[in-house]
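Alright, structures below, take your time with them.
Two complexes come next, and they have one chain in common, chain A, joined by chain B in the first and chain C in the second.
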Partner chain A sequence: MTTTDIAPDSVAVTSEQNQTFVERLVTNTSNSSIGKSWIFSGCIYFLLSTVLGFLLDIVRFDSDSYLIFSNVDKFFQFWSLHRTSIVLLAVVPMIIGLAMCVVPPQIGANSIIFPRAAAFGFWVWFLGSGITVFGFLADGGFGSPELDSQREAVALTLVGLLLVIAGICVSVICLLTTIISGRCMGMNLRRIPVFSWTIMVSGTLWILTLPVLAANSIIAYVDLRGRSAIYFGSEDVIWDQISWVFTHPQIYVFVLPLIGIAYDIVPVAVKVRQKLYNHDLVLIFSSLFGIIGFGAYAQPFFDTPGTPVREEALYVLTAFLAVPLALLLFGGLFETLRMGSKNLTRHPPAPLILSLLSIFLLISGAVVGALRAIEPFELLSTSSNTAQMKLTIGAGLVAIIAAMLWWGGLIVGKTAKQGFGLISGILITAGSLLSGLADSVNGFLGLDDFTTVGFLQEVSAEQIVKILIAFSFIGSVLILGGAVALILVELLRFKNGPVSELDPWEGHTLEWTDEIVMVESERPLLDEVGKTGT
Partner chain B sequence: MSNTVLPPAESRPRTLVTGAVLGSITSVMFFAGLFAIYFSMRADANAWGSEWFPEGAIQLVPGGMNMATLSLSVVTMAWAVRSVSNNDRIHAYLALGLTALLGVAVINQTVFYLNDIGLPVDYSKATTLLFTIVGAHMTMLGIGVIWNLLLLIRAFGGQDTRRHQDLVSALSFYWYAGVAVYSIIWIGIYIAK
Partner chain C sequence: MLSTGFKFWFGLCLLMVVSAVFAGYTTGGTETGPISLGWKGGVGNHVVYTLLMIGAGSMAVMGIVSQAFRDSDLEAASELLGIEDLPQAQNEVGNSWWPVFAALGLSILAVGLVVNSAVFIIGIIIVLVIGFEWTITNWSEKATADPRLNSELRERLMRPIEIPIIGTLGIGVVVLAVSRILLSSSVTGAVWVATIVGIVIFGTAFFISKRPSISRGVIQSILFLGISGILIAGVISAVVGERDFHHKGSHHADKSHVDEKE
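For the complex of A and B:
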């Protein structure tokens, strides 16, 4: 058989140049473009989620204002939308976007493997996210306590959630395949930069747990669709079946990459090289942290009578293990900081500060999670749930801002204003801490996780609860301020940002070079410096 | 954004097979979630002494026939992989065609059985779970059959050769995962009822 190579079709090239913005957006399969689409969409949903969180906290602060949501059922629907959107429509998409842009160059791959599938994954998620939000707006959501929602809209929301899960899983499979099969020569698994490693660990856990959430959703859908629900599709229990995703231990899995972000930023920012055994320990500890975050088994809705899963040894043990693991990871960063303290200037880089703050928030979340697991405190269904989620997800958000300030130049090609980015991260940290700690203490005082208006009016009589709810409200305002600041930082970067240098931080890993580098360690660019003596 | 141009790995793992294995793991975890709910609810029903399925509703013969058919398809799928790696097109046609046929047979028998069972989806928690699990497995098998037929068309075009063996290997992982899931359905639902 004869194979003939023909020159590219000039007509096709011309038509590609004549494509509109939308055509280019939809047909583009470069990892950078897909990653930017994930990040942009995630940012928008983050802003919407924080606005929603702010409105929900207004109702908690002033129970008479529940009319913002017209009735208690609507209040519940938007309360569950807030939880769903901040995790599955904001934090996870932004992390996937960062990974799409950073992981391939970091491990020496030219692009993501299965680029069309990666683009497909994004568009499926995008469609699903729209359907989910529309389902909520159409009076559906994940049901309501007083069965006042529209059944067809509930079914629509479940379809949206299934698409969201499918999109995330397809994209994660592309990322994992790139890490497993697309690494350059010399880049063995021990030499993978920590961010790529944590993406591998968390991605694996996402594809192990999100399909279980899909199973919950599809059973509810089958039971709900077109007939009276027997059990699973009953509107007052749908949220109970899927809420395990937004609490301990599963919540840790969604923010695991923040460890990688911090460990890739801190050593470069303080200009020291971590010792190899430290690198190995970080890989082990971050993997352990991921493993204890596997939460598909912890579904209280399916508890066998008499043996609640949240009182079982495994659940309690993982809650307690999260604290020392988070502290050990913080200790590793602290040691690196100590080694490089002489290299720090009076104004350390914003991503360095935000990385440390994110780990601090993670520790706080883990401590609240451990307290929740102590049975005599009876915190499992109290506002401690909200507290742990706010602290943990806040940690993830602050790490994402750090990552955007660190790798944003590579992703967008322009530099952001570090000061504004720092302010955004500090606002979110302060807001998460204030709100999280207030909700945590309120948990001890018996405030429920989902507080109906009547209950709020009852407990608000207690002065201390009311004061703490006010603190939580101020925290929400700060988080909203941080979200707005983040959007402004990124808009300013797009509009007026100066063109970024190729390697502004003098990085240690492959994403910071476009030269051919032999990979002989976990920080190959430092090897080159060592060899040339420069 | 910079594009790092580095030498490729000496023996890069097979990307298609890696992707298919990860996809299969995702599918298996989906079924693991469904099975966990099924077995948990059944254990509760047994503990309370309530009826799970009505007497005689679940028959062993259709499930057993499906298991036998799928077990045969494991052999034909392995045959297809072997044929493609040996550049044996005639055997590849036969093996892929037979695997697809066996898949269609299982779907056909399952549809017949679900119609014959005489219980609506909303009869009880058990029937809701049964229809969901079996229906989801039929979808998984249907995707496998379509993938199989696409590879068969490629084989007719002479494209399924040793150089493109990964496509068939990837399908085989997915297919084996589907059969493994069915074996749980067979043991856990049809036999243990």
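For the complex of A and C:
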């Protein structure tokens, strides 16, 4: 019979021992190292994005302070930078980092497929993110309403965005290939853990939609580089062409893995086995949630006269479908919680609480998205856009913190302070809720999505709008506090964290073991316990 | 039996066909046009449809190739090689500089696209060179079952190419940098620079030759600092520009000579 042998030691191992720390950091191709690089970079961008969000909300709160950004055009540039960075430079990278570290062991693969391509993906994204940010700082960004930006810097921002997209796509291809063809014997697609499944679904949708964003950028770039922009490259319309990525329905696709995070954490935390039909339904519903999040078609900039895409049946239907799907997914978690309620202690694990909060935020975001789609409310261009984005991205961030507390020991080898992590997650939840609800109500009162200084001065007479903007500002302060707390938690983990156990949660899935286990169900480690009785 | 690779490529092929048909019907396609490769729409829509169909065809070819060569099939590989124990499907790879250099080359290319065509060309050259090196490394790692032999194989193949090219490029860059320094200095200054640089190089070489036990790291550091200094000075000199030259026969030159004599 043919057997699979352990690979002989690579010659490279000897030379690697002579490498300095920086050399190892730059040349490493192991999935855990690449994953940590993604997570670390994502955390830094998350902190910078929240600082920027805080500054932007200061201007919304007190319009006279717009001079922080020197003029309205700069304010717009940083406003668009905030949206871009929180999604493409913070949330998506942190999810990719988690997936790089967790997915291969979770499906029984010994490493990521195409490890060098995975490293290449990270470095392309990293350098591209630097070029993008530099483009914004050099008075470029995605143009400005008054055509006052530096055209070369705008072009630089666009090529930076292309590199960011390329880096994400290359890394996602490595992850998808690992999930599809790197699974161990017995780990069929029906049995793969929900986190890996949602990475597969969301990764596929990223691959299908981000190239469309790249195409938008290329069209704008080509026109911008001409002698004078004809249409697409005109600096006052570039943002309009790419803004579909940061709103309904596309925004759901970026945070889809939060469903997988919650479904991998909750059953283990309450020590029950989900029923198989429940597991299958989760796979189906999470896929449906991903499909309704496909947003590359919903580009209002390319509307044909008389048929705005936001009034088309598909757009409205997906907005409404998101709510029952999110509720069904929450219902599944609730059933699991109910089954394991007797196993819950007085102080449930922080990741369990944060997972539930993240699903709650997702439902809130879906409800705001559904309200936006109701035509008589006329919310489509109002601050309800901001509200939906804050709630949905907030859901993703809280889930990432839950995942860091859950798998962090596995990734870093050290345990974090669960209490501090919980505080960080609760601050972000509270901030997202407060800010999201305030912006949502302000949407009903007619507050514009991009709040120019002139507009702010007009509405400042309406006291209720002003009060709600103040609530939104407090929400931003709480989110900033949460981001700082997250960084502190991770720094403390690195510096003083105790060495983590191999399986601190008594997990059910393969990432928690280093032994060869027969995979006969979606929870192989629980099968082992059943067999041995331990 | 269908190989894993075939299933993967064929799955992608199906996904692209479905996406193309979906794109066709949702952008104005009617009747059987989108499913019979006969659909034509607006320019952008048609391009998307065509690209997706071409992608699907490419994936199908990859799948057939994968199946023809029995990709990842343990039994087939075992029979072909005549051995019972096979290495793992996914061998661990060592650390590599190629990903970061390739990303750097791609970034230089992208920045050059905006800033300067010369930078763009440098980016293309870097990407091509790294692509070639990366390909050869990957090929050599699978040449035989012995990693040590594979490494030696790569060295024997690539070193005769790498050393002359890198050496020529290195010497060329240093000569160019030194020439910029000399051309930007005054006539007397250039003599002084050449004398001092020559003495420093000669003195350093003499110092190293007198101490055979000096570590490799120290020599590398000295060389790195020296070359970096020359390159930085060369770039600054290039930015400053060349000094004014007085050409024989020109009115300006004659006047300058007169001025100098005066």
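The rule we apply is simple: the second predicted complex is superposed on the first by the 518 of 534 C-alpha atoms of A that agree within 3 Å, B and C clash if a C-alpha of one lies under 4 Å from a C-alpha of the other, contacts with A are read in each partner's own complex, and residues count from 1 in each chain.
By our rule, a residue touches a chain if its C-beta (ideal position, glycine included) is under 8 Å from a C-beta of that chain, and two chains touch if they have at least 3 such contacts.
Everything numeric in this text was worked out from a predicted model, so none of it was measured.
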item	value
Partner chain(s) touched by A:208 [first = chain B, second = chain C, both, neither]	both
Partner chain(s) touched by A:411 [first = chain B, second = chain C, both, neither]	first
Touching partner for A:101 - first (chain B), second (chain C), both, neither	first
Which of chain B and chain C A:231 touches, first, second, both or neither	first
First, second, both or neither for A:54, with chain B first and chain C second	neither
Contacts of A:110 with chain B and chain C, given as first, second, both or neither	both
First (chain B), second (chain C), both or neither touched by A:177	both
Chain B versus chain C as contact partner of A:444, first or second or both or neither	neither
Partner chain in contact with A:160 - chain B first, chain C second, else both or neither	second
Contacts on chain A seen with chain B and repeated with chain C across the two complexes	110, 113, 117, 177, 180-182, 208, 297
Residues of chain A touching chain B in the complex	32, 101, 105, 108, 110, 113-114, 117, 169, 173-174, 176-177, 180-185, 187, 207-209, 211-216, 218-219, 222-223, 227-232, 296-297, 302, 304-305, 410-411, 413, 502, 510-517, 519
Contact footprint of chain C on chain A as seen in their complex	1-13, 15-16, 19, 23-24, 26-30, 109-111, 113, 115-117, 119-120, 122-124, 126-128, 131, 152, 155-156, 159-160, 162-163, 166-167, 177, 180-182, 204, 208, 297
Chain A-facing residues of chain C, complex	4-5, 7-8, 11, 15, 19, 26, 72, 74-75, 78, 84-100, 102-104, 106-107, 110-111, 113-115, 134, 145-148, 150-151
Touch list for chain B against partner chain A, complex	1-10, 12-15, 18-19, 22-23, 25-27, 29-34, 36-37, 40-41, 43-44, 47, 121-122, 124-125, 128-129, 131-132, 135-136
